[in-house]
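Before anything else, here is the set of structures, which you'll find just below.
You will see subunit A twice below: alongside subunit B first, and alongside subunit C after that.
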Partner chain A sequence: MRWLGLALVVVAAATLMLGVADLPPHGAHDAPVHTHVGARYLERGVAETGMRNLVTAVLLVYRGFDTFLEVVVIFSALVAVVALPRGRAARSRDGDDQPPAALLTREGPAQERISVSPVVAFVVQLLGPFIAVFALASLYRGHVSPGGGFQSAAIFGALFIALALVQGRERAARLVPRGARVWLQALGPLSFALIGGVGWVLTGAFLGYPAEAAAYALREAMVVAVEIGIAVGGAVILAQLFMAMEG
Partner chain B sequence: MTIAWSQTVPYLVVLPLAGAALVPIVARRDARAAGGFTFVVTLVTAALAIALTVRLVVEGPLTAHVGGWVAPYGIELRFDRLGAWTAPLAVFFVLVVPFAWRYLEGTVPRDRWAAFYALMLLNLGGLIGFSLTADLFNLFLAMEVVSLSSYALVAVAGRGTAAWAALKYLLLGSVSSLLVLFAVALLFALTGSLNLPDVAARLAAAEPSPAATLALASLAVAFAVKAALFPLHVWLPDAHAIAPSPVSAVLSGLVVKIGIVGLVRVMELAASSGIALDLFGELLMVLGAVAIVMGAFLAIFQDDIKLMLAYSTISNIGYIVLGLGLGAPFAVAGALVHVVNHALIKVTLFLAAGSIIHQTGLRTLTDLRGVGRTLPQTCAAMTLGAIAIVGLPPTAGFISKWYIGLGAFSAGRVAYGFALVFGALFVFIYYVRMLNAFYFRTPTREEVAAAVEPPWSMRGPVLFLAAACVIVGLLGGFLLAFIMPAVGDLLPAIRS
Partner chain C sequence: MSALIVLQQALSVLLVLAGVVFLAGGTLGLVRLPDLYTRAHAASKCDSVGAGSILVGLLFYQGVAFDDLRLVLLAFLVLVSGPTTAHALARAGFRTGLPVGRARGSDDR
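Right, the complex of A and B next:
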């Protein structure tokens, strides 16, 4: 049976690789990916969408509906984790109040705090505000320069996890108040639905953005609103996924 | 301002998905309120889907360019005659959600209700998005929303082997998803486009390439997994039997159909790109025929009623795939109608079975002997559903299976016609077994003797659905006439 499985894997892999070998050479300038839809985005993207950054133009304007579904996939991941029955470790931990036992040390709750090197803890806490500023900057400037909502969410989420590791989960959890969590985790899908609806009213198409040059401020406000939804929603979801993990 | 109806199509996807994000907020005060809210969202979605179906009949297919960008530069949603199946789809959710209100009590811990309802709405939004989108990457994302929510819904009651069933489902489902992503990447690399008609046109214009054939084959295999087509069905029985009954109804009646919708998309792509998938139709016929007989045969040996229904789904997917593979107009039309009819019947059967299990706490035929005496209404609904799935006139199952059979015989594929008949015979045997246990045996368990009919929030949907099994059967010609224009576009694909 094992050999049969192995043979199947080899045959499948060989077939897939043969298929890939048939593709246009990597980086070829005349490959269809560069000459068809992509070329038009490059040529007219900025003028047509009124965005100052092509990545934002593709991500939020041309293919905004994809990004909406991506945000929904992230939200689904959280709901799926919440829906799962809690494992043995979490149940024996008896609720969220107990610090995670084996996450930081192998020894147990009492020694948790001590086991983290004070140097590491100090450095993480020292860097915390700077990391947060970086996350905010990549959120606020993301639509015109490298960065954006997803990156910002990842940075915020990483910051949360780092703080939870050095300060303990229950202290980190206070950063996101319980009452606000259900609202914040929904911000991704909701901001798309809301801004999409605004676009529907303004342009007649769901997720449309007014393209006139004069409407730049309005357009920018809409894009930033969506980016905030992606960033805050994504960060809170990452934090909660971490909190749901068992030690 | 007049509303352009075509521009409301995205809301069919957005309403349930945004609703899902709101469910945990509503549930904070009272977990029950989440159920009511979910019901309202499904109701609004269904109303919009029905309105759009009416527009479709009046003015033809509706195309929404999301954000106002025409294909292939933007994402296109098409509400055509195939996409109109989202209307019955949403209506089934309208019936399943109230059923879940009381069903969840005692089956799913209260702190997971919000997650349950949110997952149901995510599932609905994903299913609609998958059925309507004309964009390959969008298709993949919608499929992931459906898949993720389905895996979690299987495990939500969290008893015994549920986690294992969900894990098995997740592993096979992930392989399938990866194949779709791989195929999307291949097609994008070959054409530089993600819009389905545009991809097909550009493939037709380019030299024939093995990579394109591989991409279509990957898509076909991936969707066969999602449809639980034999021999890729192994994940289905456990997952569908172990899930809470409202979830079983959704998974078995509706979610497996994304595999069918996906296969139809592959056929469209093959037809308009001129890529001959050698033996594709032939393969579909063989696998479909085997699935019909094998699914029905295995169902006979099941004592657990939900496991029996799960195997019957494998058999019914066989009917649909056989019909698609046959390629005769009647067979294809019958197959497409059976997508909706099987959904109706299977939702009826799983909800009725769920009521019986909920009221008695028992789930095997041996234990449920004589239950027809204490739960007459629910068992009558179950019986109607059983008659419909066997395919006896005048029920919903008859017309679609009749046309698939007619297609098989008219295409000169007599052997497949007989596979269909044998399948029906096996199905008949196992439902006779069920009816015998329910009505003609004396109860052996106290729970059965003491059982009472379920509350109206559960009984209502079940009785309504059972009635619909007959009404849709009587009006079967309408569905067929509705889908016939779409069949013509599909046929060249199968003939190639």
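Right, the complex of A and C next:
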């Protein structure tokens, strides 16, 4: 059995290594990914979009529709989770008021609330500002360097969850104003639709961006607005998904 | 290539290799040790040293420049977050009554 496993590993590794050896050299200009539409993005992307990060250029400008619908998908995920019956309510409807035994406990339902570790609390509070600055930087610099709205949303969302674990959900929930929550969580699709509409007025095509070199500042403002919408909307959605889980 | 650069790159390669050894040891511990506590111990301790050593090695590879401040920050992040995570895992396991010794599902002896 052991030798069979070893043989399988060797065969799989050899196959993968053969495949890797057959890949075009890193950065080769005639690699398949560069001979299709990618060549145009690389040649004219910076001039056409004014964005030095071509990933953002492709995501927001060349394939704006695709990204728009992706944002809608993320929003739909939140809608689906919120539409599900809450855990405790669903259980008590079945006539069983006991919460299920936690996965790790052997004692079953008699599970006291575990206090927050002071070490973890200190480290989260120590790193929190750095994480927030990193999220803002990757949002603001997203169209000129690696980063962008989605990454920023993930970092902000992770920061929210860390804070909620350390300082309690109620206190963390105050970070997202209750009245604005319903709008903030839809900010991704909303900002995309709004900027797409602006593009429609300016260029005659939904999600179009003015192409003149002189309109660089306007184009940059539109892209940053969409990025902010994706980041804030995505972060609020992640926070809401976390809050929707019974703790 | 001057002798200084050779020395510098040799130091860099040695540090990265040392990091690889530590990471391999930590991974071995993660696979072979019996329960959550010992596994978290092996993984966090060796990963912190291993990743830290690799980052310091990279710092030396092309001479120290201002941009390398990022590597220093990264090393700081690894040194702070790794042990904290291991502590949180072990504490959660202990406070919820996870037994010390054999973990559930580990059949090999």
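Everything that follows uses one rule, which is that the second predicted complex is superposed on the first by the 189 of 247 C-alpha atoms of A that agree within 3 Å, B and C clash if a C-alpha of one lies under 4 Å from a C-alpha of the other, contacts with A are read in each partner's own complex, and residues count from 1 in each chain.
Heads up, the rule we're going with is that a contact is a pair of C-beta atoms (placed from the backbone, for glycine too) under 8 Å apart; a residue touches a chain by one contact, two chains touch by 3 or more.
Keep in mind the model is a prediction, meaning the values are calculated, not measured.
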Practice task
For A:43, select first, second, both or neither according to whether it touches subunit B, subunit C, the two together, or no partner.
Solution key: neither
Practice task
Answer with first, second, both or neither: which of subunit B and subunit C does A:24 touch in the superposed model?
Solution key: first
Exercise for the section: Would you sort A:119 into first (subunit B), second (subunit C), both or neither based on which partner it touches? Expected result: second
Exercise for the section: Tell me which partner A:72 touches in the superposition: subunit B (first), subunit C (second), both or neither. Expected result: first
Problem - Greater residue coverage of subunit A in the superposed arrangement, subunit B or subunit C - result: B
Practice task
Considering only touches as defined above, state whether A:185 meets subunit B (first), subunit C (second), both or neither.
Solution key: first
Exercise for the section: Tell me which partner A:127 touches in the superposition: subunit B (first), subunit C (second), both or neither. Expected result: second
Problem - Interfacial residue positions of subunit B with respect to subunit A in the complex - result: 4, 7, 10-11, 14, 17-18, 20-22, 24-25, 28, 64-69, 72-75, 112, 114-116, 118-119, 122, 125-126, 129, 135, 137-138, 141-142, 144-145, 148-149, 151-153, 155-156, 158, 162-163, 182, 186, 188-194, 202, 209-211, 214-215, 218
Problem - Residue numbers on subunit A that touch subunit C, as the complex places them - result: 102, 104-107, 111, 114, 117, 119-120, 123, 126-127, 130
Completion exercise
The subunit C residues in contact with subunit A across the complex are 77, 80-81, 84, 87-88, 91-93, 95-98
Completion exercise
Touching subunit B in the complex, subunit A uses residues 15-16, 18-20, 22-24, 31-38, 40-41, 61-66, 68-70, 72-73, 75-77, 79-85, 179, 182-183, 185-186, 188-190, 192-193, 196, 199-200, 203-209
